[in-house]
Amino acid sequence: MSSIWGRHFTIDIFGESHGPKIGAVINGLHPGTELDFPQIRAFLDRRRAGSEAWSTKRHEADDFEIVSGYANGFSTGTPLCVLFHNNAQRSSDYDERLNRPGHADYTGYVRYNGFNDPRGGGHFSGRLTAPLVFAGAVAAQVLSKKSIYAATHIRRIADVEDAAFDLTSITHQQAQSLAAMRFPLIDEAKRAAMETQIKQAAAEGDSVGGIVECAVCGLPAGLGSPMFDTAESRLASLLFAIPAVKGISFGSGFGFAQMRGSEANDAYAVKDGKIVTETNHNGGILGGITSGMPVVFEAVIKPTPSISKPQQTVNLKTITQETASVKGRHDACIVPRAAAVIEAAANVCMLDLMTERGL
Amino acid sequence: MSSIWGRHFTIDIFGESHGPKIGAVINGLHPGTELDFPQIRAFLDRRRAGSEAWSTKRHEADDFEIVSGYANGFSTGTPLCVLFHNNAQRSSDYDERLNRPGHADYTGYVRYNGFNDPRGGGHFSGRLTAPLVFAGAVAAQVLSKKSIYAATHIRRIADVEDAAFDLTSITHQQAQSLAAMRFPLIDEAKRAAMETQIKQAAAEGDSVGGIVECAVCGLPAGLGSPMFDTAESRLASLLFAIPAVKGISFGSGFGFAQMRGSEANDAYAVKDGKIVTETNHNGGILGGITSGMPVVFEAVIKPTPSISKPQQTVNLKTITQETASVKGRHDACIVPRAAAVIEAAANVCMLDLMTERGL
Amino acid sequence: MSSIWGRHFTIDIFGESHGPKIGAVINGLHPGTELDFPQIRAFLDRRRAGSEAWSTKRHEADDFEIVSGYANGFSTGTPLCVLFHNNAQRSSDYDERLNRPGHADYTGYVRYNGFNDPRGGGHFSGRLTAPLVFAGAVAAQVLSKKSIYAATHIRRIADVEDAAFDLTSITHQQAQSLAAMRFPLIDEAKRAAMETQIKQAAAEGDSVGGIVECAVCGLPAGLGSPMFDTAESRLASLLFAIPAVKGISFGSGFGFAQMRGSEANDAYAVKDGKIVTETNHNGGILGGITSGMPVVFEAVIKPTPSISKPQQTVNLKTITQETASVKGRHDACIVPRAAAVIEAAANVCMLDLMTERGL
Amino acid sequence: MSSIWGRHFTIDIFGESHGPKIGAVINGLHPGTELDFPQIRAFLDRRRAGSEAWSTKRHEADDFEIVSGYANGFSTGTPLCVLFHNNAQRSSDYDERLNRPGHADYTGYVRYNGFNDPRGGGHFSGRLTAPLVFAGAVAAQVLSKKSIYAATHIRRIADVEDAAFDLTSITHQQAQSLAAMRFPLIDEAKRAAMETQIKQAAAEGDSVGGIVECAVCGLPAGLGSPMFDTAESRLASLLFAIPAVKGISFGSGFGFAQMRGSEANDAYAVKDGKIVTETNHNGGILGGITSGMPVVFEAVIKPTPSISKPQQTVNLKTITQETASVKGRHDACIVPRAAAVIEAAANVCMLDLMTERGL
């Protein structure tokens, strides 16, 4: 069930980069949910390629069609299927059996005995994150009615760091203003330096990586479960489905290694009659269960593997070494677009956990 | 199904720290598997508390009893249930409603409406990793017949770093020699400095964190699937079940953020007629599927939250602030013991992925 | 995950009777499978309404479009999505809030808080069996390469019984000849009497029920598992998804109640070096596991609830009694069409069980 | 995950007939549930062998031990593990490789490559229904607080039929009085004739089958889902886990085949302001979803395959024909004991469906 995720709010994603259609089937959306389509489109736009220097020139309209589960202006409660039409693919850009380093070409070939669709990465393509973002946009609307919202920014690109979230308090206004930026930063002064790094890499036919930080605020305490259904397990299992994500950490993350227990433990306090913690090193999750503080995590995005710089590879048919140079329209930095996908995934996961509790 | 993990080789873990028994039910163990019990005990010993300065003085014998699924010296193929008896618990050490910062006391209380067993952390306790290690030891034996083995070491404790694995090649001998150490390091010269940090923290009633690095070698290419069943998703979903794990990264991990695509992409080559990569920044996984190179990941372990230093907390009954000081026998550094648990989890996950492919 | 079935060969069905499209996402189809489309269409035709007296006059073309998972003439191994366009719906036939006795109108209304799509039964409609039949037709092709085939006939309509299968031996030729009939009977002489019963009911604005018998032949011994994954459990869980199925029995079925153990136990014998049973009262399943004998089961189909005869019902908005008369084009007997759906479901289940064993 | 059942209230059953212990892990029991142990023992007693003529002379005490998930007199909400000790097994009665017709000896041998535990049927044994009954007894207590109760009786043994339930109304008192009988009948006058049939079979070294009818009353409308999670699918998937069950039907069951739609459709009416049906041919389920009427089903139980009468079989080692005569203490009729197991399973399923809806 490789392409199905979730327990209560589930998504089943299908399609290939260059097939006629991609889409998702969503199970578990509460009946009677009224969707705000302009908001869904706005969320999809955050994932879309733009006119920026760092972005691919393949522009998909991302027009979607809901073919089931929505009638008379409300969700029915039965499976909602959404379709996206692929129309901007240019298969001629792809040498069908080019084994691109850093991509799934080789591993997909082995996994599917050579029958996987290699055009544009096929089912492994970042294009498949469009239906995931759709699902995340839907989830965001359900969550927002319960005053739950996510905020996401670029924490780092190459050597340039943005400021970090205040782990104890991210306002709804900050979330909205980040969502409105195509290059979401807390400290916008960092943008120029980041873009310089991207442009330099692009000029050299290369690419850069980065880190995304995401917070979900307004969640109740008590979501998730001990052992294998920790909030961290559930989130990580979904986030590692996003192409290029190679690491996930919560709260102080890898910084915990250099902390003392007395620093890392978040002291409890009572504020407005509610139990809170004064710091939030644990990223809103203790023992796998949400504490009511913001759930905050970072995801590292590896540099886009599609680069025009020549690379050494092995031809999968002849099993001989050859040189690869990936042609076509590629992002020199996928981090800004990945930020939208990561936020969408966080929404999907949190709605699944909320639904599990009957909330 | 919070306490059940796996698709084909599954584990269902039950028990509480101070209950009479803890254990696991294992489904999907191939019939006809002959277990080497001394090897299982040796693996469990790596997780056990020892006489070292940094270790808790609660010593559980970790004697296990298999009550089903094993007959006449072989696994039957039907569910194998293993039981561990708890006999070293000293409940008097625990103030039952103490809300310890950094622990699951508060979140567990909310999640279970106050009915969770708070003694020693109950179901959230690190004690519950004993049956997970049992399952990992069983998995290791099945994998070793296919020349698959895991190697694990302490990558960092506080400010002291060990050398890193050579991501392209970790020998079976290295794996075995690490498994034989209670404080597994590549560069044993680092041990003294690490122990100094631990002892200093312990002397101050405090604790330290660290990072564990683990590699699984000998795996075939083609394990895992795109989208939600990536090898990374499956591993992370299991690893985040281990108490104190707050981050997981694969290959170059968070270092990817500062790499160029041309560095991060592992060049393919042919070696002995087999397709390999010359570097292994991607940690043996591309597009969520194993490449045949070692699967290498790091897990950050937060400092043990149980510290005797006084901390500010909130009483869950009176909802008033109070000061907590955790009594009892606790590890000032859980990293060496966690290393064994992480390796066990990696074995469990890899056997699940192998079984899925019919291997 | 109400609309997802299967462990290894899974189907996720979406759509509503009067929505723009219905379809299915199939996971787990072996990569490199070449589909025979005329055969799929022929299978779908067995489910389609025809020109017969007993059949609805709503004629859907059942043209399908595969939008993912199939490229260059072969399955890719990644999710296959198939779409069917609805074009023959005549919503004006439906009074949207008519609460038809025997239908899911009331229960669907309660389950989905009144937001379910009521037109033509919505997601509950028999129309949704078209993608299930597609999946079954695909499964049949995979199974036929392993010499596994299913045979299905009408065992009873109203008071008229067909002959029963010889439980120990159903030939491939018999299976094919039954598949070629729109009214599949072993003893074709019974057809006239059955049709008479149907026509009488139709003339009175009423409908009749029946029983379908299905056998799957050529299966290896060893499919299924004890406890909750018995071959019976898996088959039944799928068959009870088919609208109007209200009972399932295996082998001698409810007749077992009146048998002695000495009759019911199938004696073992050796035939051509292979262990077989001389009778097959157990319907090819012992202890939940296939024995290598034909898997044979019966499913009872309740009379179509859509009848024009006036019936007493309760208006869901006013909660007052009223009289219902279901207009529109309905089958006076759904049994012949249900036979195709049942055979399709049997194929889907058997392929799932085969895939589980790596066969 | 062959031995795990359920989505929200799940059971994982382990053990073998002649192993040291059998048991179950229950996930999803609401925290704070106080169990009535005498009631659990009374339910287990209904499944136990007795002194009756028709019953095996193997008497297990069925003493259980809860080792996790229950503390201070309440369920904790984390996994509850229950253990039963086997102490009455007499393995010498079993010829370890006897291939008993009608049993799982052959199919289990193939499924597990000969490594299954054959003693007393191993994991396939009816002994494994003890932990299922425990789970059902626990579920019954949770359901009874919501005024939901099950009633079960022997509908038929061999040629002798009991009266049937009034499908629209089964009182709590009737349920309780049936639960108090070791041979539960609506019309107790039928008991003598049934016992005569059993004794005759026993005297001939043979056995008889029968039918059990079970009703669950007080359920709300709206449980279950369309497609693959119909209440029928869920119940059937659990019931077919019970050894000897070979058919399941709901409401009028196989009798639907001979009904007209106008008879089978249950007319709606308003009673005390509530929507009800005047008849209940559909057994409380329409479109896979409960209607609020009693959920009523029948299960056919094949005659116990363990008979002392000589039977023809094939030796699994030599693959030659031989004669089998099953020694030991066996039930000539398992139907009365199966009735308790079936009621327990119905409770487990209904609690799972209730928990799914957050009820």
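Lettered A, B, C and D in written order, each chain numbered from 1.
To be clear about the criterion, a contact is a pair of C-beta atoms (placed from the backbone, for glycine too) under 8 Å apart; a residue touches a chain by one contact, two chains touch by 3 or more.
In this text the structure is predicted, and so the values were computed from the model without any measurement.
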Legend entry - Farthest chain (mean CA position) relative to subunit A: D
Legend entry - Cα-superposition angle relating the copies subunit B and subunit A, to nearest 5°: 180
Inset, instruction - Give the chain pair, either A-D or C-D, that is connected by more C-beta contacts. - result: C-D
Inset, instruction - Would you mind pulling out the distance in Å between where the CA atoms of subunit C average out and where those of subunit D do? - result: 26
Inset, instruction - State, to the nearest whole Å, the distance from the C-alpha centre of subunit A to the C-alpha centre of subunit C. - result: 40
Legend entry - Approximate Å spacing (C-alpha centroids) for the pair subunit A, subunit D: 46
Inset, instruction - Can you tell me which residues of subunit C touch two or more of the remaining chains? - result: 1-4, 7, 13, 78, 111, 123, 226
Inset, instruction - Would you pull the subunit A residues touching subunit B in the complex into a rising list? - result: 1-5, 13, 99-104, 106-108, 110-111, 121, 123-124, 128, 156-159, 201, 206-211, 221-222, 224-230, 232-234, 236-238, 240-241, 243, 245-254, 256-270, 273, 275, 277-278, 281-283, 285-292, 298, 300-307, 309, 311-314, 316, 319-321
Inset, instruction - Can you check the complex and tell me which residues of subunit C touch subunit B? - result: 78, 226, 358
Legend entry - subunit C-facing residues of subunit A, complex: 1-4, 7, 10, 12-16, 19-23, 25, 27-28, 31-32, 65, 67-69, 71-72, 74-81, 83, 111-117, 119, 122-123
